[in-house]
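Heads up, there are several structures right after this.
Next come two complexes built around subunit A: one with subunit B, the other with subunit C.
Then we have the complex of A and B:
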């Protein structure tokens, strides 16, 4: 398990709120800090990490959980 | 501030834009825009600014809703005929977005009240949605004297024009148009007619300028007049220069007191 500075669960929302919710959580961190995002398989895992990359953040780890969800660690402004 | 889940969803298409983001949306929610005239131009401008989440919207209009307004003033509706336009506007805005605080001024702007109205909420941006030259020059002069940015626009028949004034960043309306034309030399929209969509197109450009100004993004229509001809379906921009000897924004301004030009009453 990587260290984290913030956590957000976006399994309770659908596109495009998934990324919006995660983006709002990311705003609260400072450069270099790490956000942990729990998301569903399918659309979220395909799009949310990519959208973070597009905004200059670095995806540092992706973990597949037992319940089928994913946990993604993203470093703010890491790219 | 924290977004509620409802706000997150309502503004998701804004927040997802890199140029807006969370910070931009908060900026919009904390912004104040004054719309003078809730007619053809002010109606769509008010609706789009409300939808975008501009937190405070001031509406100035002394008029009541008339059936003949509904051909273009889409913020009002048939059941509101006879009601003050500012009250009708407030209801429509709050139906659309209850986040918006609507401040109403049921009066015509004049040299006696415009400064107080602009200062009332210390508005960040002013939209000129009026249809007559005295009001347009008054809004220009008041905004220049108070160092407030504003969007000018005019529509008639199938034509529309709009420009944006930002203090220190280009000409004011008076730099370009000098003085109102003598009364009775130009038709008002009541006499000349106006295609309903003209307010929609130009008023929406005004709302776009307001949002861009509030967010600090893109290129504004400062030093440019956007001219639209609906019959030819042509948009053109004309470059405009500041006038050094402009009586209100020039190097040695002589206009210190607002002027009430002879007013020709006309429904917006």
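Then we have the complex of A and C:
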């Protein structure tokens, strides 16, 4: 399991608030730190990691949880 | 005034209305793109010759209702000033629709707008035995509903995995809509089921380390119709890698339709009557 420096759960919001909420959480961190994001299957897993990629952050691990959600670890400015 | 040739008017995009001597004038549009100056002209015509409004059609077109028979030539001349002209209806190639594609949309794999312009320049209003609809959609999200058209084009990519770059994070497995990818993180291995792949390229777009890459191409769909008869167009060819080949397939398809269709018959009906195998055979011939 990857270490984390911040955590945000975005399973309670829908697009486009999903990425907005995750992005605000990422802003709290400094370069090289890792944000853990819990998100739903479907649109969030399709779009949120890709949006982080577009902003220069690197997905380092993806875990599928038993409840159908995903936990994604993202390194700030890792790209 | 002499006898009105309604058929000629309809070919030019003038639809006879319930109201006598009034026509809903359809404009020639490509990929749903209209310039600001053209919108200005459309505004003026709707205000001066129509009833001050436009109708947006189901296929990205604009119609200006209530154009009077006696104003048609004047209105055509006004349209020409803004580089506009009436559209098509009747048994011919209709408005070419397109999403915004890779020039605008992060999901797009192909430049749909540029392709739609080429299709329009080459085929618009070409006479066939029935209406013939072309659509271009940039990716498998399918905003432009490729399968609803007589000939639909969809952007896609053939994904290729580069093991040396892979970080085995598992994101591609999570985003693959058809579960064609399995990542074994512990063993540092990845399984890709080519047979399941739908060429959506979500693995390529999302991969954080560019371990997935691939060349974009075109998926094509034949025989969609969503009027009185409802039938989804079928994909009978693998991903097409070049635009030259795409155009040779479209030429062959229209040639096939012109050759085998009975008068007034829609492409899907022809396909079902003569058999899909015949089209597949003709398409194989251009392959060779």
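By definition in this document, the second predicted complex is superposed on the first by the 79 of 79 C-alpha atoms of A that agree within 3 Å, B and C clash if a C-alpha of one lies under 4 Å from a C-alpha of the other, contacts with A are read in each partner's own complex, and residues count from 1 in each chain.
FYI, a contact is a pair of C-beta atoms (placed from the backbone, for glycine too) under 8 Å apart; a residue touches a chain by one contact, two chains touch by 3 or more.
Model, not experiment: these values are computed from the prediction.
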{"item": "Clash-or-fit label for the pair subunit B, subunit C on subunit A", "value": "fit"}
{"item": "Touched partner set for A:23, first subunit B, second subunit C, both or neither", "value": "first"}
{"item": "First (subunit B), second (subunit C), both or neither touched by A:63", "value": "second"}
{"item": "Contacts of A:55 with subunit B and subunit C, given as first, second, both or neither", "value": "first"}
{"item": "Vertex subunit A; arms to subunit B and subunit C (CA centroids, nearest 10 degrees)", "value": "70"}
{"item": "Subunit A: partner with more touched residues, subunit B or subunit C", "value": "C"}
{"item": "Lowest C-alpha to C-alpha distance for subunit C against subunit B (Å)", "value": "7"}
{"item": "Sites on subunit B touched by subunit A in the complex", "value": "3, 8-9, 12-13, 15-16, 18, 21-23"}
{"item": "In the complex, subunit C residues that touch subunit A", "value": "106, 167, 169-171, 173-175, 202, 205-206, 208-209"}
{"item": "In the complex, subunit A residues that touch subunit B", "value": "16-17, 19-21, 23-24, 27, 55"}
{"item": "For the subunit A and subunit C complex, residues of the former touching the latter", "value": "41, 45-46, 49-50, 53-54, 58-64, 70, 72, 78-79"}
